[in-house]
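Look at the two complexes coming up: chain A is in both, with chain B in one and chain C in the other.
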Partner chain A sequence: MAANAPLLELRDAVPSFEESGLMPAPYNLRIMPGECAVIDCRDFERAAMFADLCTGMIPLTQGSIRFMGLDWSTLYDRQLNALRGRIGRISRHGSWLSLFGTHLNIMLPHLYHTTDPFDHVVRRATELGHTFGFPGLPVTAPDRLSGADLARAACVRAFMGRPDLLILEDISDMLPEETVLPFFETMTAARDRGCGVLWFVRSSAAWHEYRKAVNIHMRLLDEGLFSLRVV
Partner chain B sequence: MTDTSPPPPEQQASGMLAQMGPPEDSKDTGRVATLIGRFAPWLAAIGRLTRHQVRFTLLLIGAGWGTLRESLRPNSWRRPVIYEFRATLRQVIGGGFLSIVVTATLAGLMVVSQAAYWLGYAGMAQMTGSILVSVLVREIAPILVGIILMGRSGMLSLTEIGMMVLGGEVRGLQARGIDPFLALVMPRTFAFTVGGFTLGMIFAVVSLLMGFVVAHASGAITSSVWTFFFNVLVAMTTWDYLIIPLKFVLVGFFVGLGACISGLTVSSNDTMATIMPRGFARGIMLVLVVNILFMLDF
Partner chain C sequence: MSTDEIVDPTIAPSDQVKRFLLHVGVPVACVVGIIAIIAGFGWHSYRTVRTGALALTHELLVSQQDYIAKEVNSFLAPASAGSVVARDMLEHGAPAVEQKIFMGYSSTMMRNVPQIQSFYIADGDGNFSTLEHGENDQQVALTTLVRQPDKPPVFTHELRDANGKVLKQWQTPAGSYDPRGHAWFADTVKAGQLHWTHPYIVEVTRQLTLTAAIPYKGQDDKTYVYAINMSLAHLNKFLNSLRIGESGNAILMDREGHVLAGHGMQEAEAAAGGDPDRMKLDPKHFPVMTKAFDEYRVHGDGARTVSVKGKAYVTITANLPVGTDNWVLLLVAPEDDFSHFAMADGRQNLLFTVLVVILASGLGLLLFLQARRADRMRAQIAQSRAVANYESHALQSVASYPDLFNPEDNALLLTETLADQSHARRAAIWRILHDGHTLMCIDSYDRQQDVHSGGFEMATTDLKTFFDAVSHGDALTTDNAAADERVGAFYRVYMRSFGSQALFCSPILGSSGPVGVITLEDAPRAEVVSHFVEMMAGVTAARFSAQHYTAVAAAREELESEPSPDEVPHDPSQGFLLAPGSLGMNAQTSAEDLAGMEGFFPAVAIMVISLSDMVMTAQNDPMANLKLIDSMAGMLQDIAHQCGLFSIRMLGHRVVCVAGCSHTPDKGAVFRMANAALMMRENTLAVLSKADLDPVFRIGIDVGPVFGGMLGKAPQAFNLWGDAMGMAEMMAQGAPDVGTIQVTEDVYHQLRQNFLFRERGRFFIPGAGLTRTYVLAGRR
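Here is the complex of A and B:
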């Protein structure tokens, strides 16, 4: 990846309507390393689909999407998976496997994509758990955790392993009040080392306190993605 | 408002053929096109049905080859994959052990004691070993082990993976760069393979042993247990040493693979009520196909 190259770039990307349900309009977005883009979207499902689009999971009928200089459509499965392993993601739905305990769910992407020693991964996850208000790593099944604890666990998982891009769906309604500040701090720390952030929000209340640090503000509607002025 | 609906297939076909053919033959071409157009929906329906029927078989062949190929890459056996392999192996062997012992005991009581009694009655007691090997160990054991594997563990895998697909968890795995084939299908299939072999061997030993105990108690067999097992081993040919373990291995492999693939290919219209019967029917079919294929050649 070149020094001044965008981290994530959607260039007239038109998603396949059959695969996504997203309007086949050209989407344009450019996030540089360390930038934070906030996208207003009231519909959770549309936000999740757009997040999938940015991670190369939805075929395009036109245009291109590049992440770290690589076009998703030109990569093979193993390359796609390796590249997706560089993205930390918070999803609202379908992100917890009931087969494993929450601790394994948190560490699963990191254990899959890296060869870091297990103890090191556990230590890092526990540290992040403390940051987000856990006394340690939760080992119970995810479906037995409360919404607030799942939101904490989602944050721990997203920030694990120094991701290059964070794609954060809106969990502000589940995230406990005392976790909001650590969330902003961890996000800022990640941005300081060059991680880009794509943050979906439903209302301005979710990012109001962070607005001064936001670089791009857009709105995702049925008709496409529209730029808004950052206040 | 203009009507933009496509023309019927007859008109489409005749239009296309009329464009392709020379102008002087347009009348004949039109007639042929009308004929083709009339049969086209029937042909399409037959094609659709054929493709639908062989879809699972083709999927199974492709996934089987993919599983073997991926398993040879050291890079495929990452930590979550190994974890999943161990967890499934524990479930397959631990969950099926008691059922296998009970079934093997019942099968042993029936087959060994009956064989010993009737062969002794017919004055062919020296054939007891070979009859037991060919009937119990080579033919009955793989079928029963396959059915128990499928019932105790295959249906569980099918339901788990099917529910994960319907709940969006598999898509969530993909979004995090975790290949569901590597993380779920490959380790589970190999766990079933190892489990099939292990449970099959347990079945063979327990059924023969229990059969011996009963036959010995009833006086149908008077030799020692060592002589009995020695006779069984002597009755086995070189091929049996290859075919019997291979049957257990293949039954385990295909039951596991079939369950995982059936789970992974559920559609959004599917529910438990449609997933389970389909998976059960496919599992039974696979167990029988593996056994029948071996029966044809050996």
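Here is the complex of A and C:
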């Protein structure tokens, strides 16, 4: 990636309506390394779909989406997978595999994409677990964890490794209040490292305390993506 | 971006395989194609030539067959024609001169026709005469049998010369010999015309003989048979003398497969023991002849090719009518005899082709190697371009750093860029302090952990060799720092704990010589980017010269600085809300002998109450806060008294309660602690709700062995430490929600009969392994 290039750039990207249900309007978004973009969206489904769009999982009818200078539509499967490995994502709908313990769910992406030694991954996951209020690394299957613990685990999974982009769907209603501060801290630490953040929120309460550090504020409506002024 | 990614998405999948196939597959396919075409042409040419040669061969064999047929006819003609002439002469001659006619005609024929062996004449009365060759070519031997009543039959033998003069005469008894009993007589009389017998062996000469016999009526109205015996030895000799191709043969057989003459005659005769009926070809010794004859029996006469043991033979069979019988003439020759030149021609062509192909392959290989080399060069150029690009970006980022030459700024970017460029595990910048005897680490960056550190100092005395090398401005590269004597000491002091092996050192040269060194540990690309490292060394040297302070002075200041008088150590005992062992109940030690409370406590229940920051900031009025905390502290003391706890200590935001601190396990300690926890929770919740505050505490309980005792001089402090302490704290920190009590598996096992628990889940805790945690809900 060239220096000073945008981390994520949607340039007149028109998603395929048949495959996404998103309005086939041109979407424009530009996130530089270290920037945080907050996107207001009332509809969880639409937010998740837009997150999918940004991760190159929805075909476009026109325009382009580039992440770290690479156009999703021009990459091969191997590259696509590797590039997605650089994204940390909190998904509203979990995407948990109940066949494995939560610890594997947390570590699997990092183990799959990198050669990081196993011990190191475990240590990092445990540290993040402590940060987000776990006594250790949860081993129980995800479907047996409480909603709050699952939200904690989602945070741990998203921040594992050194992601270049964080796509965070709104789980503020599930995340315990005392975890909000570690969440902001970890997000800020990632941003200091150059990681971009795309943060979907349902209400302003979720990001009110972080307002000063937000660079971009947009609203995702049926009609498309609209820029709002950052206060 | 993680440095240890398995797949780098910026690198498009290599088309190396495709290109390799293109470079190898196309030339190979071309060469194979050329070989196939040449081989096809060669094969076609060979087939054409072979077919032509075979057609020619067949024609040749047909003409040879005609010649043989004529030869056989001319061999047999004297017998058929001669017998007819003799019959006419004898038929019209007087009986008195019959013997004379027979003698004269036959002896003339015998002298002029070599294949004639003998003549017979016999009548219906059993009289018989035979004329044979005498002792030489001019002599003839006449044997006569005249039957006279009342006398035994006697052969009268006469040896005559060419003029008919009797040279010798003698008699032998005829025994039971009667010509009428022989086939040549009986069959001929029966046929009533010229009759050819089957070949048979004459016992006297042991030669295969053929007899042509013709009957006639004498003037005395008796039936006579005149017979001419022909020896097939002549025919055999003729057939064997024929040259068919280079190694071909001819054979004459009758329709039943009996060998009459030609190739294999002697063997067949020997195998049959002289019996003409058994003189057949042995398939073992004459497989080709046998097969050709079988083909003839199935398909009739004509030219064809048979294959035996993978070798092709040209055969031709023809019918030769002999009397009422038919003989079969069989010619066999290997196909190679005729098409050999075609094969030789093909082989020569193939040799030329192989030479051409080898040359073409060599050229193809050269072309391929050239293409691969071009590919490699292209990849190298692309790689060096990418490296240059990457370096220029790195340089750009360094150059654009606003405080690059600001001595107050740490410029951490330098070590980060160095580590990134050289792929080093750790990059560090060292400075030789002005005293010239100390090496100080300005900044060290651990790429894997993404952390910076600095400030280590190394004295010359410790690292003499390394320091010498650095102060001389030498660049060092070693793959095994432990074994390298120049950097061995540096390895032991600095690298071993980090676990790095290889070291790359680049000196930082100032205006008056080396002023420091850049070290890169486990940097595989260090030598590739050595020029970049030198550039960074230059930047660092410029930074050093811009820094006006001296590290020595800074160090001295640091050493001379005294702790401020305010920093008087606190009396640890002040943290106790309940002094250790002050209650002295339940077999616990009293305060008096607390000094003896040292050592190992096997089952201590520890509870940690963690108050969140919010309790301190929730209210704006500090006095109100203090009052709230004070009432909570008093409440805790009351509960401790009620439940018989060992100690309560407040440390910042945490309250640590201990029960069961005795050298013998106190089974009731956990129970008391759980009761205390529930009471504390209820009371604290009540207090907070009165103050209109949200719950802000979490409680964690663990039970387990700890060490402890009184420490230090007066005032002594009592302290406990052990796994249970850490776990209790972890339980409090990681409690699932505010106002909840999280306990470890050990606590749960001890209390599950008396308390209600809710399982939270299983967790992996480093050092403790897998464990379950439970939320204490209430009493049963």
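Following the convention adopted for this analysis, the second predicted complex is superposed on the first by the 230 of 231 C-alpha atoms of A that agree within 3 Å, B and C clash if a C-alpha of one lies under 4 Å from a C-alpha of the other, contacts with A are read in each partner's own complex, and residues count from 1 in each chain.
Keep in mind that, in the parts below, a residue touches a chain if its C-beta (ideal position, glycine included) is under 8 Å from a C-beta of that chain, and two chains touch if they have at least 3 such contacts.
Small disclaimer: the values here were computed from a predicted structure and weren't measured.
When both complexes are overlaid on chain A, chain B and chain C end up sitting side by side without clashing.
When the shared chain is aligned, chain C comes close enough to touch A:126, but chain B does not.
Shared-chain residue A:137: touches chain C; no touch with chain B.
More residues of chain A are in touch with C than with the other of chain B and chain C.
In the superposition on chain A, A:209 contacts neither chain B nor chain C. In the superposition on chain A, contact is made by A:113 with both chain B and chain C. By the touch criterion stated above, A:185 is placed in contact with neither chain B nor chain C. Using the contact criterion defined above for the overlaid structures, shared-chain residue A:176 touches chain C, although it does not reach chain B. By the document's definition of touching, both partners, chain B and chain C, reach A:81.
After superposing both complexes on chain A, the closest C-alpha pair between chain B and chain C lies 8 Å apart.
78, 80-83, 85-86, 112-113 are the residues of chain A that lie in the contact sets of both chain B and chain C, per the superposition on chain A.
Across the complex, chain A meets chain B through its residues 51-52, 55, 57, 77-78, 80-87, 89, 91, 93-99, 104, 108-109, 111-113, 118. Put simply, chain B touches chain A in their complex at residues 78-81, 83-84, 87, 160, 164, 167-169, 171-179, 183. Those residues of chain A that touch chain C in the complex are listed here as 1-3, 68-70, 75-76, 78-83, 85-86, 101-103, 112-116, 120, 122-123, 126, 129-130, 133-140, 144-146, 148-149, 161-162, 164, 176-178, 193.
Interface residues of chain C facing chain A in the complex, by the touch rule stated above, are 1-2, 4-13, 393, 396-397, 448, 450, 612, 700, 730-731, 733-738, 742, 760-766, 768, 770-771, 773.
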